[in-house]
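These notes are about the structure you will find just below.
The chains carry the letters A, B, C, D, E and F, assigned in the order they are written, with residues numbered from 1 in each.
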Amino acid sequence: MKLHILNRSPASSQVPAQALSAMGPEDRLLLIEDGVQGALPALIHHYAAIPGRLYALREDLVARGLIGRCDGTVQVVDVDGFVTLTEEAEQTLSWY
Amino acid sequence: MKLHILNRSPASSQVPAQALSAMGPEDRLLLIEDGVQGALPALIHHYAAIPGRLYALREDLVARGLIGRCDGTVQVVDVDGFVTLTEEAEQTLSWY
Amino acid sequence: MRYGILLLGAPYSDQASHSALRFARALLARGHRLEAVFFYHDGVYNAARLAAPPQDEPHLVDGWATLHAEHGVALQVCIAAALRRGLLDEREAARHGKAGHSVEAPFELTGVGQLIDLGQRCDRLVTFGP
Amino acid sequence: MRYGILLLGAPYSDQASHSALRFARALLARGHRLEAVFFYHDGVYNAARLAAPPQDEPHLVDGWATLHAEHGVALQVCIAAALRRGLLDEREAARHGKAGHSVEAPFELTGVGQLIDLGQRCDRLVTFGP
Amino acid sequence: MHDVTAPTAGDLLVILRHSPHGSSWLREGLDAALVGAAFGQRVHLLFMGEGVTALVEGQQAGALGQKGTAPTLEMLEMYDIETLWVEAQALARFGLSPADLMLDPVPLSADALARAVATHPLVLTF
Amino acid sequence: MHDVTAPTAGDLLVILRHSPHGSSWLREGLDAALVGAAFGQRVHLLFMGEGVTALVEGQQAGALGQKGTAPTLEMLEMYDIETLWVEAQALARFGLSPADLMLDPVPLSADALARAVATHPLVLTF
């Protein structure tokens, strides 16, 4: 199981689609930086293919005023949780 | 009439759509750098709304091996033609 | 006509600086005047005086300096963007208590006001982004 | 676990450097070891010794130096990416006949081989891109 | 908040297309707008694409203390930058409504957006 | 040129997602791949998205004499980097066919692409 780290928004970039196409059936996806926009209910459909494997970084949601606006299916983790996700995965890939 | 200068590809970016949405009915669009990918027949449909007002920079097509692969509706100009386009327009806008 | 160029991309990282230099040479060759190049955002990295690109690649810093020497093109670097990126001339280095400097003439550190002025005074302002 | 970080973004231009520094501190706080940060592409600009950010912004160059001082984290800067961008230590400046330098310890100029080595020797290599 | 069909002409239009915190584009674009206004130009702002997220209510400093751009936006009125436009289509894409936004910007339809660009002699995109 | 269903495992997969000339990403990604191979690793390359345009036949130096990356690609075999994969979906999006490409890369379907990523302990994206 690999952890994919994504910092681009599906509203303006094809990079999220690249990340999804490279993901295996157990892989997880963590949204960071501008990527956390993807946690908005209006954009969450881009991640319909990976139920239960989508995470978003709390600190980046908070800074952007998006922490209270996330879709309920997104698992919000802080930077310690980010480290934990990297521990649990056998390796990480970044999409930017 | 303004000249819009675009260096992103419609294959991977929303920026070309932004440029198109900001164009007036007489405005022209010049594709440069990675933007010249948009001159390929498979991608030209993105520019269907601006017939006769689409240009692409010869030097950047040549460097990328795309000069012989352009759609016939694209007007190819060299860097002198680029300068001429800026002379003819009242002002330029860049989309990157 | 009087032109200005706004350059926003770092040298060697993307094509913006090459495109801007190529366009600058072409407009001068056609008899236009280029008042200034304003370096902003990562464009300020074009002013790094220590740049040492491989010999088979264009030397952009020298390219800009040549435009200044031969055509009097002002090379204006946004000071706010430059300082946080480590681009200081001797005066700013002294002011910040740093030994050494990374920007020198003909590049000049200046405010964003020069960009606004350039936009007002030129017939065309052409932006090259990353 | 042993971690490595690959940083590809310029400081202040995008969030990559801030994200990488935040992640580095968090993994160290959890008891992991951070072998090295490898600076590549525009990430090499993090090594600019003259960086003078406004006082109300984080000072990233100092932030990296602190990681080195307190946790022995190696700060490895890709030499090929650095030279063309104007980032030279004293030795490279001398070799290229330039007066002054823009990179100093604890940052070290090194080859891409160090990145490959880092990938082999660490349990996790985490990339932060622009 | 209401649509306009004839955007006001001005001297300088600054188009902001990037999110807060993710890059310095937004801050540097705003700096250009503020300086233009300080020079006495009539400056208008257009938030487009991801730039609409700059207007979301409740932003805070970044994890390492980065200020972000919301404090700068609060100062726009002091600089006599009063016309803030926002791309209606982008708002819809992000699922944002007027109640989610600070500063009461005016949404522009696609047609109005192109007219706003046309009526400014100088347009800077960030 | 033929599709594969079981991509070969290797030590390092380098994913190249950028065009030649437009940025230094492609050159810097290739440098990492070449050095990995020189260190004795089994290195595989995947051209994805805009990266597929790196393989277009007939590239030349840039307008100011920039070398581009085609000469580096020609050297890959000398470094024992023999497996070149290309995203089939991206090829289709650009309307490129095998005859348009240099070096005879192997197209990967979406499924095969994900499997190629899974079988490498280290993946670097450029």
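To be clear about the criterion, contacts are C-beta pairs under 8 Å (C-beta built on N, C-alpha and C of every residue); 3 or more make two chains touch, one makes a residue touch a chain.
Molecules present, by chain and UniProt name: A, B = tRNA 5-methylaminomethyl-2-thiouridine synthase subunit TusB; C, D = tRNA 5-methylaminomethyl-2-thiouridine synthase subunit TusD; E, F = tRNA 5-methylaminomethyl-2-thiouridine synthase subunit TusC.
The shown structure was predicted, so the numbers you read here are calculated from the model rather than taken from an experiment.
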Return the chain whose centre of C-alpha atoms lies at maximal distance from the corresponding centre of chain F. E
Measuring between mean CA coordinates, which chain is farthest from chain D? B
Type of chain C:chain D copy interface by residue overlap (half), same or different: same
Calculate how many whole Å lie between the centre of chain A and the centre of chain F, each centre taken as the average of the chain's C-alpha atoms. 26
Averaging over Cα atoms per chain, report the distance between chain A and chain D in Å. 25
When the centre of a chain is set as the mean of its C-alpha atoms, what distance in Å lies between chain C and chain F? 34
Which positions in chain C are in touch with at least two other chains? 12-15, 22, 41, 57, 125, 127, 129-130
Any chance you could list the residues of chain B touching two or more other chains? 7, 11-12, 14, 33-34, 59, 79, 91, 93-96
Touching two or more other chains, which residues of chain F qualify? 21-24, 49, 62-63, 66, 122, 125
Name the touching chain pairs, would you? A-B, A-D, A-E, A-F, B-C, B-E, B-F, C-D, C-E, C-F, D-E, D-F
Where on chain D does chain A make contact in their complex? 1, 3, 8, 14-16, 19, 22-23, 26-27, 29-30, 32, 124-130
Hey, which residues of chain E end up touching chain D in the complex? 21-24, 62-67
Chain B-touching residues of chain A, taken from the complex the two chains share: 11-15
Along chain A, where are the residues that touch chain E in the complex? 7, 9, 11-12, 33-34, 37, 40-43, 59-60, 62-66, 68-69, 79
In the complex, chain E touches chain C at residues 12, 24-25, 28, 31-32, 35-36, 38-39, 41, 122, 124-125
